[in-house]
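Supplied in structure tokens, the structure appears directly below.
For reference, chains read A, B, C and D in written order, and residue numbers begin at 1 within each chain.
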Amino acid sequence: MRLTIGVDIGGTKVAAGVVDVDGRILEKVKHPTPADGDALADVVCDIVEELAARHPRGAIGGVGVGMAGFVDENRSTVIFAPNLDLCGEPLRDRIRRRIDLPVVIENDANAAAWGEVRFGAGRGVDHVVCVTLGTGIGGGIIVNGQLFRGRYGAGAEIGHYRVVADGRPCGCGNRGCWEKYASGRALVAEARTLARTAPAHAERLLKLAGGDPDLIQGHHITQAALDGDAAALECFATIGDWVGQGLADLAAILDPERFVIGGGVCEAGEILLRPIRESFARHVTGRDVRPLADIRVAELGSAAGIVGAGDLVRL
Amino acid sequence: MRLTIGVDIGGTKVAAGVVDVDGRILEKVKHPTPADGDALADVVCDIVEELAARHPRGAIGGVGVGMAGFVDENRSTVIFAPNLDLCGEPLRDRIRRRIDLPVVIENDANAAAWGEVRFGAGRGVDHVVCVTLGTGIGGGIIVNGQLFRGRYGAGAEIGHYRVVADGRPCGCGNRGCWEKYASGRALVAEARTLARTAPAHAERLLKLAGGDPDLIQGHHITQAALDGDAAALECFATIGDWVGQGLADLAAILDPERFVIGGGVCEAGEILLRPIRESFARHVTGRDVRPLADIRVAELGSAAGIVGAGDLVRL
Amino acid sequence: MRLTIGVDIGGTKVAAGVVDVDGRILEKVKHPTPADGDALADVVCDIVEELAARHPRGAIGGVGVGMAGFVDENRSTVIFAPNLDLCGEPLRDRIRRRIDLPVVIENDANAAAWGEVRFGAGRGVDHVVCVTLGTGIGGGIIVNGQLFRGRYGAGAEIGHYRVVADGRPCGCGNRGCWEKYASGRALVAEARTLARTAPAHAERLLKLAGGDPDLIQGHHITQAALDGDAAALECFATIGDWVGQGLADLAAILDPERFVIGGGVCEAGEILLRPIRESFARHVTGRDVRPLADIRVAELGSAAGIVGAGDLVRL
Amino acid sequence: MRLTIGVDIGGTKVAAGVVDVDGRILEKVKHPTPADGDALADVVCDIVEELAARHPRGAIGGVGVGMAGFVDENRSTVIFAPNLDLCGEPLRDRIRRRIDLPVVIENDANAAAWGEVRFGAGRGVDHVVCVTLGTGIGGGIIVNGQLFRGRYGAGAEIGHYRVVADGRPCGCGNRGCWEKYASGRALVAEARTLARTAPAHAERLLKLAGGDPDLIQGHHITQAALDGDAAALECFATIGDWVGQGLADLAAILDPERFVIGGGVCEAGEILLRPIRESFARHVTGRDVRPLADIRVAELGSAAGIVGAGDLVRL
């Protein structure tokens, strides 16, 4: 199976690419995500046929699909995908009705983690936890070189382990979930709160956002922080502290060799990494007697999902 | 390897037994734990030779040793065992100087979890998390039917993932660790606090302890709760709630099929299990769309460590 | 000053009444709250003239006005009233341009507390803390028989002391404010969360709300709780626990003789009061050596604001 | 009453002085605190007679006594003083059997607060909250220029309002009390924890304490911080943050014009004050629309108790 197709189904677009055995994307296409979940299989099939048509018959050996949501332990049925309003959708079987190739469905954070471990910042390491800081927190866990999925395919939902017993309400129905404190969106919320309650202190952030606290975006905070703005640095310090606390808890349970941190906020580089490392070192149990996991930034960016999904169908 | 020897090194005594392939302990001995960590290998060897001498030459196929502390990824060196004041102790090699058999060293909670999964409440299930509620909280994780150890052998320290960001101080140097809220000792602390601040309400507990809050023990609380005492039931409800919250977080990360709850407090049976189940169901993410892990009481009691350690050397 | 006029400016209507020296409302009128804050003084003047016209010249001795927001220490200027979009409004002077009577402006929760202390559940007690559980939590503090206002008129904002260090976001810009956990709205939020994450358990609540979690209202929860529904009782127990914890903190600081609890949720009576009392007794410092404040339900209902405002102008 | 005697009963010594109308201590004596609470009145009387004998008959107009514990609303009976093992002790009456002068008993933190407000950092301000950071946190509240005592004399126990719902255990039987996070002892606990879990980072602190984390004292941390040591500054930042959070909560309830911060840790000056001010400004409700209390360091040091007690008997 020299070439495969990796598909990354997002909230607004379906991106896909032909992936080779070295994790390179040879070519790439994007289609809008259909409003109707029922049409999803058709869109995936269209994309696969479009990409496959450009290659000799038989050159494509399989299709890996990553998407947000719970996927069952057979990597076949979408148990629940709130953004796409899918519940119990037999996506693999629907695709295979049109496409006569091996197909696997995978949670998108798992797919991205697999991409990073095979070809990115986790290469060559057998125990890795990938943490993607975006709207929420996506997680992927590699144990003994294999993707860890849990009994029912619902493992590695690390964004929803709780860090504050009675904390901020989360869309999942719980309170205090890690992603309410440590995601890219939490960074933005922190900055907006600061701008509302201390506008003078957050002057630079407000200026970048045209004066409206609610228009502050992640890239404004990154830009202000890179310029040395105290308020923006404070926001990164707060979020980095929470990220590090979470890594410490995950280390107590999973004892990985490496954490790979992804997501757009990583563009701030050491401004984010330093408080993460300090907080991790301060909160990890047994810190003086155990080898500490190292913490690196993801390397594949938004391509990790396609690359990982494409590779997972080889296994 | 029909018979093996399982050794369970505790803070006050070293217990060992001859274990058969069905997890039965054929005979058992106990020696005091030596005050000096250096003498530990000798005590283990003495015990092994004592037990082996009662069987035909060659009948014993190996020795598994469980003990509290971090054990390295080769199941060979004790990285750190605070109770025994050991640090970097090459215990396996020391034992093998006298005993010419396969030897493995394992964390005691891991050994006990393995015992429960092979022969107890986790039998036949491939994804299990064992939680032993004692002085602290011991954890053992089984993934795909195998004991999960983490990269450096320090995984499954679930008692030290934190449930309150700035909570009660823990002996590990952190604050807010789960075991400060949900262990057997936390149950006792809860009852003593109640007896100090509300002596009238805790009258029955105080009476069982001879009137001194500081003499309240776990078995007093269990006894009072079984008699229907409101204060004791309140203590179990509080601890059960924290246990269930922790299981919910572990499910988000590990997605097991079953939780096995062990430790002396389980003698309270449903008095403990009911609040655990309620709290778990209330706090687990995605509760309405995912299969929920079931929660059972451990079956092997204090023998789990010997049985599990004895079996681990077969692998 | 035998008769006065008390005015209660709410978000949707301005209610006012003629109040006698025994706290009785002789007659009452209501007008819609003007959309424009500038028109507010005129509406108040219209109401006052309307009521005064029904009495002999000179019968009305003064006007007391209660409204949500910060009022300055001279009981004259509205520092900030977010709902009415007022900031630095010299409301007393504007009213006095048309009405030649003594006028005082007061925070509405302070006015209501004063009403309860003079003529309701706090009668005859010199150290009282009134806690009104509504959309937020309103507070009024009576010290040595006098209304406590703080240095700048901004005291007794008890709904915004924080109970969770990094808790739920509050409209005031902070996180973890008491009113996010213990108000009438918090009760509703609790029930809606329960209905979303455990629809089977919350079946009765959902039925009362026509099947939509977001349509559950306070009176549904009260009704279900009075019928013995377990889910509704659980919601009251959770909120009551938080209320009691807050009262314990306030007792540590203010050491009152009595707490008076008001707001619509009090219609649940003992269903709410019992968990409040239990939680208060469990969390108050020095509980075994100090006299404990008693906890009562408010008696004047929604009239407390008019009665209290009317009486405050006599002082 | 030109001269009075102020007495400050501490855990190890009873200090007393003759105080004039300007709050000056004319002369001072110290005796050991008697092991037996019953002997306390005699020691106080001995001291009073000793000091009075040095002045013309009739020159001393009264005796004020401050001591840790709850004192009843008549400033007469010690309800509870755990350190001295007193409960229900009629201290004023016992003293008056020998001393024919007006006598008042007062909580020591209240006495010290009164001293600061009359003659120290709160001079000329009518709404003050004094916060003494020592082993615990002592509080004194001045409202309208008068000492606020609560209904039963047990008010202003601000060290035992709780900042973490299920936090660190406190000697009072509760959990999460402010003084477990923000007192001088909390500062020391922070430093010791840091030294245990990150000895390399805390090298300077450890060196000052002779290498033993448990020997780190407050003055070591102050010294290291003044030298610019990062670990010590981190400890002050952490404690200062908690102090400021507490002041914000107190401002929501009490709206003072000034906070006066006392206790030995204040020797660090701006190193402590800066994080307090930042945290206060960040957490106080309505920060943009209300006048903010200012925050000052106490001026009278350990003499505040004698001066304040001596002055209280004049009222």
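The criterion applied here is as follows: a contact is a pair of C-beta atoms (placed from the backbone, for glycine too) under 8 Å apart; a residue touches a chain by one contact, two chains touch by 3 or more.
Worth saying up front: this structure is predicted, and the values here are computed from it rather than measured.
The chain pair with the larger count of C-beta pairs in contact, out of A-D and A-C, is A-C. Chain centres here are C-alpha means, and the one lying farthest from subunit A is D. Separation between the centroids of subunit A and subunit C, computed from CA atoms only, is 46 Å. Per-chain CA centroids place subunit A at a distance of 34 Å from subunit B. If you average the Cα atoms of subunit A and of subunit D, the two centres end up 51 Å apart.
For subunit A, residues touching at least two other chains, in rising order: 164-166, 173-174, 197, 287.
Of all residues in subunit D, only 164, 166-169, 173-175, 181, 189, 193, 196-197 touch subunit B in the complex they form.
Across the complex, subunit D is touched by residues 165-166, 197-199, 281-282, 287-288 of subunit A.
Of all the residues in subunit A, the ones that touch subunit B in their complex are 70, 79-80, 87, 126-127, 139, 141, 143, 148-158, 160-165, 172-174, 177, 245, 248-250, 252-257, 283, 285-287, 289-291, 293.
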